[in-house]
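There are structures below to look over.
In the two assemblies presented below, chain A is common to both, partnered first by chain B and then by chain C.
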Partner chain A sequence: MGAELMSVNNLSSLSSQPVAEHRGESESPSRLAEFRRYLRVFLTFARNSLIRDMTFRADFIFHCISSVAWTAMNVGFYVLVFRFTSMIGQDTGWGRDEFFLFLATVWFINSLVQAFFMPNANEFSELIRTGGLDFALLKPIDTQFLISFRRIEWSAMSNFVVGLLIAGVSLHSMATRPESPVFPSLMSWILYPFFVGCGVAIMYSIMICLAATSVWLGRNQSLYDFWFYITNFSRYPMEIYDTPLGRPLLGLFTLVIPVLVVVNVPARILAKPLNPRADWEWLLAAWAVIATVLCVAFSRWLFRLSLKSYRSASS
Partner chain B sequence: MSGTTVPLPPIGFADRVRTWWVICRTALAERMAYRGDFALGTLMRFLPIITQIFLWGAIFDAIAETSPGDGTPKRIGGFDLAEMVAYFLLTMIARAFSSMPGLASGIAGQVRQGEIKKYLIQPIDLIAFLLLSRVAHKLAYYAVAIGPFALVFFLCRDYFTAGFPPPHVMVAFIASLMMGFLIGFFLEAAIGLISFWMLEINSLVLIFMLFSFFLSGHMFPLSLLPEPIGWYVNLLPLKYLAYFPAAIFLRKIPDDELMTELLIEAAWLVFFVILCRWMYSRGVRRYSGYGG
Partner chain C sequence: MPIIEVRELTKYYRVHRKREGLGASFRGLFRREYTEVQAVKGINLTVEAGEFVAFLGPNGAGKTTTLKLLSGVINPTGGTATVMGYVPWERRNEYRRRFALVMGQKNQLWWDLPAQESYRLHQQIYGIPDDRFRHTLDELTDLLDVTKLLGQPVRELSLGERMKMELIAALLHSPEVLFLDEPTIGLDVIAQHTIQQFLRHYQQERGTTILLTSHYMKDVAALCQRVVIVAGGLVQYDGSLAGIVDQFSGKKIVTLQFAVGVRPDDLARHGTVLETQWPRVKLGITRADVPRVLAETLRDYAIEDVSVEDPPLEEVIADLFHQVS
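Right after this comes the complex of A and B.
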């Protein structure tokens, strides 16, 4: 708790404005200074979270071990699946190496979301229930920023490392296999992190939307569940939904709740580098960028709307 | 208190039943407080099944491609596609019986915070009380969940290509569900009771849940496992939580082995009941409660 109190003090000394909501362009310092202020606050959050995690070191290590065990079991499951088949869906190109690259992408995106946003979104519904949001609203900093980044769960990053391992092994296997070895082009290497970032932004937006609903619901205990059930659709190559029954789902989760582009677009860029790109793949990548912008904008709008309906509790 | 002790009237069976009934009613009321949220949550729980159907569809699709068809449906670990989907639906039922959310951590919390004292001075047994409230919770759960379950099973009826199994298999199926519930309860209660020796068992519970998710057959039919591993996993009692009932329903357990398998399950159940009793009595002996 000491660390947290410290961060609160830091925050107030960092700010030059008295009230959070009235930060007009005219009175604010230059964009760059503003950005640096936010960056400094973010780094303070990151440091405090790390201090907190390191206070309970055994717990931290245990969390790392259990999430790595979870990953290992998932990998085991897919190894098992590929004992029976050579590809997920016929002629889709998602063979073993490609699919494990896909899985690594899932792991990258999920670990980033879990490290940076999951603990905060969970805390948000608790802040609303207890009325603790009052204090967040009073802080001279953007409320969504404060709510989104306050806590970082460093142990979730262990899955990021495991993701790197899976990606490394499958890339190596792809490059050295006897039949049709492939190696991603430079362009793929540049685009991949960009689209992973887009994916994280989309997941973040969905999470903020879900968290915002807890203002109206009073309490959103099933936040995790909702999150899991929705993002569950993003965990597999989109080709598997390409059946008469699946196409409505494909449309819904590509266009309305774009969870399908989250992993599919970056994974496809890295896993299928040599294939000539079909037109729809370019369209999909373009849509991923547009969807990211729309999702972030929508979640911000919804978040602000929800704050308007916030009635403090118990203070 | 010197010398004279007032003999308490013996507790008859009717009194016991009355106590059980009160416990059940309380738990039922507790559960029914948030009906809407609860029905919605149950329906949502079927969403992962949708992705499972598509995933396995794609996997079977590719198998059909790699080995040119000879007319028979392709099988993985003895399951064809329809049976695979039916399997996942049936494990939902099995899990509805055997999953015990919050049981182990609840017991640990009571031990840690000293609430367990009340069971030591009241004529209520902790395990019996928890079991009864769990039964009531489950009953309330089925009362609400039967709607979503019926809907989903009706929509997916085509996957049950073999229809309902014959009566004796049905009886075995129901018996395995009941025992699955009890094994789930006593197994998780035993894990919760470890808290008499270790104050913080959350990490242990997490590990257990991880293993149980994979090794109970919740994620895939255990018959998919390659041989040496499969044999060991089949020795574990975790399969009774999900795989076993579903396998019975889909007639993956031959009739002549059915009785033996059920007896082994019953033996596991007895083992966990005794383990729980023993752990509780040992635990209470080393427990010390202070304050009010």
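Right after this comes the complex of A and C.
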């Protein structure tokens, strides 16, 4: 400790730094420089999360194993279902291969959301409740960006790999089956990742909206539950809601809370259940793009509104 | 031009009043009663660049709320404030690059990671060039003697070490204005002293404008030329530390040491008898009466020693807090 106190005397070495100079450079940073700054911050988040995950190695491995096991159970269940039927619904085109491609899409989107946004949205509610959001608000960077990408749960990406596996097997099976083999076109390959991205963006927006409500609710532990209820609707081909009772749900979850387009649009593009494609499929795809823009814009608006009402917590 | 200007700043919270018991809680589901908490009731403050100002006040006085308002963490109910010409709650990046807030009770470093990983993140967020970042970090870790702890996960550090790490995190971008909310809370005397020393030298070298809240009078006495007492959401005093005693205490403490065997029993007529430990007696005496009382006692009794002191600052302030609340 004595050394510690003495070392304070070194302070004369604290050269009066060119504070003014660095202000000049940060006054109006170019768009490219800003983009690079955000990218660097994101990469640092990714890196720190990985370091953290590796610190808790056993937890990481256990999480991977449990989520892969959960996937295996799901796959087993649907294999079982398809022993009793050859198609979901009549003339929908969702045969076994097509459906497993759908399932792979569910897995891609869910794993991306779980890896990138789930831990952050959940932590956001916690930050609001405990007042930890204070620090995020102090940083000279977009608060929603900071909150949304803080932590990445790399173990959730194990399901992404499993999704690739399921997709590979079903694509292979579709291409090699004797009856009406399907080869996705180049266009499908380009559009598929784009619409998977749209799906992730919609899911992210819904999640941020739910998390932002914790500002007004004080605590929002039902976040995960509510999320699960809503997104459960997205996990099946939308044709299953095409019944008198299901139609209001179909409307609600396509137009108001558009979770149905999240998986359905990209999955239809790659799996091509209807051959030739129907006109409404293109309309649905166009709506998916519009819905993505609307959802992101709405979530951003709600997020900003919630920050205005933020009261911080006692320290 | 002042660097911080605050005019009639107010912050009211509406809080849900919870009544006791299950039945009342159930009724509260349907009809809620709200009360308004006036955390800050109209604060006026002007701070010039390079000042080191202490905010003193009892718990719940509005000190932290004021710092949060000035940092733009929360929005005010009314009034205006500018810091370096910016309105804090607009949360402009240009402003956020130029100040820092340290809260002794909260931590912003990643709990499971070594502090240096959090620092790197700060570097990216603030866009600090590599060479300057390394230079500043080296200096700060050297001064606070924590270079060896940089690679250790934050959760394994002691409270004092963690506070030093938090300070470094806040200073990496060389802020021009620094808000410190109880930076020495819960620390032992040595760690408190180290942080005081560090802050004093840092402020002297850099000329950083600092607003500090603390419960430790030692922090304040060691660091600040100017003290602002906040209580009940209002500024009660703004001036030097010594001035507090002059303004709020009309008393002096006179200690008389009598010769052996001398035990007068009529001392209460001069003032309040604070303590009696024969042969020593402590009296609280109105300032104006001190010369007369001294003259009379010296004339009437055999006295070996006399001292006249101001009452302890902490007592004066405690009295003041008590009066306001």
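FYI, the second predicted complex is superposed on the first by the 286 of 315 C-alpha atoms of A that agree within 3 Å, B and C clash if a C-alpha of one lies under 4 Å from a C-alpha of the other, contacts with A are read in each partner's own complex, and residues count from 1 in each chain.
To be clear about the criterion, a residue touches a chain if its C-beta (ideal position, glycine included) is under 8 Å from a C-beta of that chain, and two chains touch if they have at least 3 such contacts.
Given the structure is predicted, the values throughout are model-derived calculations rather than measurements.
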* Considering only the touch criterion stated at the top, classify A:M187 as touching first (chain B), second (chain C), both, or neither. => neither
* Touching A:R311 in the superposition: chain B (first), chain C (second), both, neither? -> second
* Quick one: chain B or chain C, who's touching more of chain A? -> C
* To do: Return first, second, both or neither, reflecting whether A:Q90 touches chain B, chain C, both chains, or no partner chain.
  => first
* To do: Have a look at where A:M54 lands relative to chain B and chain C in the superposition and call it first, second, both or neither.
  => neither
* To do: Answer with first, second, both or neither: which of chain B and chain C does A:V161 touch in the superposed model?
  => neither
* Go through the superposed model and pick first if A:V293 touches only chain B, second if only chain C, both, or neither. => neither
* Kindly list the residues of chain A that each of chain B and chain C touches, one partner per complex. => none
* Asked: Can you name the residues of chain C that touch chain A in the complex?
  -> 13, 64, 68, 71-75, 91, 93-98, 100-101, 103-106, 108, 110, 112-113, 117-118, 120-121, 124-129, 132, 135-136, 139, 142-145, 153, 174, 176, 181-182, 190, 193-194, 197-198, 201-202, 204-206
* Structure fact -> Residue positions on chain A within touch of chain C in the complex are 1, 3-5, 7-14, 16-17, 19, 22-23, 26-27, 29, 33, 37, 40-41, 44-45, 47-48, 51-52, 55-56, 131-135, 137-141, 143, 146, 308, 310-312, 314-315
* Residue ranges of chain B touching chain A (in the complex, touch as defined) -> 37, 41, 44-45, 47-48, 50-51, 54-55, 57-66, 76-77, 203, 206-207, 210, 213-214, 219-220, 224-226
* Over in the complex, which chain A residues touch chain B? Could you list them? => 59, 62, 66, 69-70, 73, 76-77, 80-81, 83-92, 222, 225-226, 229, 232-233, 235-237, 239-241, 243, 246, 249
